[in-house]
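In the two assemblies presented below, chain A is common to both, partnered first by chain B and then by chain C.
== the complex of A and B ==
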């Protein structure tokens, strides 16, 4: 059985990563801001999965189930983005033409 | 000490077998949950790529302190849930399990309270998508998309937290009443997985919703 101390250490690490991600958000890293935030989130997720959700102690069949769950998500996002990232903006031209409630954007002249 | 009635449920021949089957089933359910939240995250990614400026401006209008405190509350509640699962697995005195679950319940309840405060603040500020939506400095259609996704994703997450709190309340009663501690510990393991999963979703929601555009 995992000692309480291990869970406390994981919890402490998660809180440190939380402070780190908030701090990093206020430093202008350009496009790397979101990359840093996602990297820290992945680290937090790994800690939660491995220690709190006991994937570290799991057998091979259970690990396969855990892997497949996130594998479908990776397929969903990567295959969808293979369209959205290559075909250009799907909705921008129509969004700009829609009548605005505050009147900030004007419909183009006919 | 194991109670005489604390035997495995049919068709299982041992507790370890029953535990493995239950946990496998739970992960099957969590895999579906990943795909329940997944498309909303995909929608967020696509619209953020298309409307970067509006998303950053809108992001700055979320309450980062409330979001940060809520993240800490959920992370700590995962810790106390892990302690409750551990106590149950060790077949410790039910008072220990109940105590850890009560703390988890309080932390989760505080999360719900803070989230409701945020919602009321945002509705008051006119950030709820609809006819009365207004936000300075961003295309209103694009900013509304951010706040639509914000209310949808945090709302679905909040629903999961509230369901989790209901389950925790039921498990507090179960812990007090049950004599079948070994069987109960198998169920506790699944409650823990559910609660940690809800935490996991928030770990990705928090930076996407609250941290965008803070450096600019």
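== the complex of A and C ==
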């Protein structure tokens, strides 16, 4: 397969996925709306990485760097979520002693 | 003096022109020579250092009295924002990597240039374009958000040219990314024959670690600043809770870049210190491999600690505990380096030249800065110290006491290589002492001020804080003299300095095997590395030999 044909095919696949993204936006999948959008985006990103960015033909060092890029993104997301997902979770050892936000004092726990 | 063995054969004496032989403006603005690009950065960041210095001079004058005598509050806010933005992004981040790194990396690797010379020039243009935009914002009224651009203030409420300023930083950031990429590829691909990874100078290891951070962290800053601009320009709810955003998301994204940015600033300084201490103690760096690994460990662990900037920001206690623990961990590789430098000095043949004075200053001031960082990483203590002058003193001990000392030490160490001239030793030593003394007088009182509760970013303060503030301002004036002296005698040396010769310090790296100033292609004969780095022999060994 010539390179031009090769890239044209990948480009075509990306356009199909774009249409799929737009189409999926009109279908209400409830809680799966985000999952569907993310899945399609991942497929697009994979196509770009593997073919347009030549990772498919790359040696081990370049592949390692690609992996590191994603790993760092995972670090950013997971440690940020360690805050977001645990906000408002009261610390049982001190929650009873904190003054309430309304200014009234809570009675001590029995 | 003891003997040393360079890593490769000395180059034959230079017969052709050196890299400075062309003088036209065009030859500078269109150059792809990494050495000339290093000098372009040197001139530019010196200018920005002076501008940032003017801002802080005015701030320190204002702080002489507890009243707001000189400036309105809004002007003071703009001054500290200008000082922070310029010093962080347009001086500290490019200081060692872009000036000394650009000049030295290919020479230390035995290469002719960096892997992508044109991209290298592009990085300087991006840096200058970003700086021009930031200066435009400053001249047209300034920005009062602080260098941290915290939302929703910056995205919704702040007056001034926030978008222009963040776009300036955004564009300059791309210069950083390109430099990092260039350094990584150069280190992988352009090492001289025989120059295996564990023969690399520790400065190269530290530049490599810095480049990893530049490439992985700077895009996050770029995205974050674009999001601020989008929210500010179009009201898209990303950070402002009133329109559905989350202000802490900004802080997470911002510090994911900006905490590692502290290591962008300090890691190259550590590399410079390793080179200087080995040369002027005439010894192998103690535990070379551990020091090299410690650079990489700092780069990696530095990414996991950002939440310690957010202990009182309503971040969850659970996340706070994780970030506190990780912050303590990152001190381990830093401490390893400090202990190993000390062990290198132990029983060395110490040669008290100016670069060593700066390196010793770095060692002491970085240690104080690092140890006070542990106070701030402790959850409970941080509640008392957050947003006080204690924090200001802590990070200045790292960034100024650490990085600027290392930068000046490196500049003096490699000045003979860059220019071919020796600087006058006596005023240089005097300036190192002025800077060390002035620095401590400026910033040590700020630890006490912060501990006593004086908040940062205020120009009107309680009268009981005046004595310490006056001491701090007095120290700043000594510091300013210390910084201006090198500007004078280094320029003087260009015309009147003695010729340096290829290796005035009898140092061991590949850059010292070639002429000073080097030829355009760095080496006339491709070097082949046959020795480990830092093959210095202390005096007694030399005598035995």
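By our rule, the second predicted complex is superposed on the first by the 85 of 110 C-alpha atoms of A that agree within 3 Å, B and C clash if a C-alpha of one lies under 4 Å from a C-alpha of the other, contacts with A are read in each partner's own complex, and residues count from 1 in each chain.
Here is the rule we go by: a residue touches a chain if its C-beta (ideal position, glycine included) is under 8 Å from a C-beta of that chain, and two chains touch if they have at least 3 such contacts.
Keep in mind it's a predicted model, so treat the numbers as computed, not measured.
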item: Larger contact residue set on chain A - chain B or chain C; value: B
item: First (chain B), second (chain C), both or neither touched by A:87; value: second
item: Which superposed partner A:52 touches (first chain B, second chain C, both, neither); value: first
item: First, second, both or neither for A:79, with chain B first and chain C second; value: second
item: Which superposed partner A:14 touches (first chain B, second chain C, both, neither); value: first
item: Contacts of A:69 with chain B and chain C, given as first, second, both or neither; value: both
item: Contacts of A:61 with chain B and chain C, given as first, second, both or neither; value: both
item: Footprint overlap on chain A, where chain B in one structure and chain C in the other make contact; value: 61, 68-69, 72, 76, 80, 84, 89, 91
item: Chain C-facing residues of chain A, complex; value: 61, 68-69, 72, 75-76, 79-80, 82-84, 86-89, 91
item: In the complex, chain C residues that touch chain A; value: 188, 216, 220, 246, 248-249, 252-253, 256, 303-304, 306-307, 310, 314-319, 322-323
item: Parts of chain A lying in touch with chain B, wherever the complex brings them together; value: 1-2, 4, 7-8, 10-11, 14-15, 18, 21-22, 25-29, 33-34, 37-38, 40-41, 44-45, 48-49, 51-54, 58-59, 61-62, 65-66, 68-70, 72-73, 76-77, 80-81, 84-85, 89-92, 95-96, 98, 100-102, 104-105
item: Contact set on chain B toward chain A in their complex; value: 20, 23-24, 27-28, 30-31, 34-35, 38-39, 41-42, 45-46, 49-51, 64, 68, 71-72, 75-76, 78-79, 81-83, 86, 89-90, 131, 133-134, 139-142, 189, 192-193, 196-197, 199-200, 203-204, 206-208, 211-212, 214-216
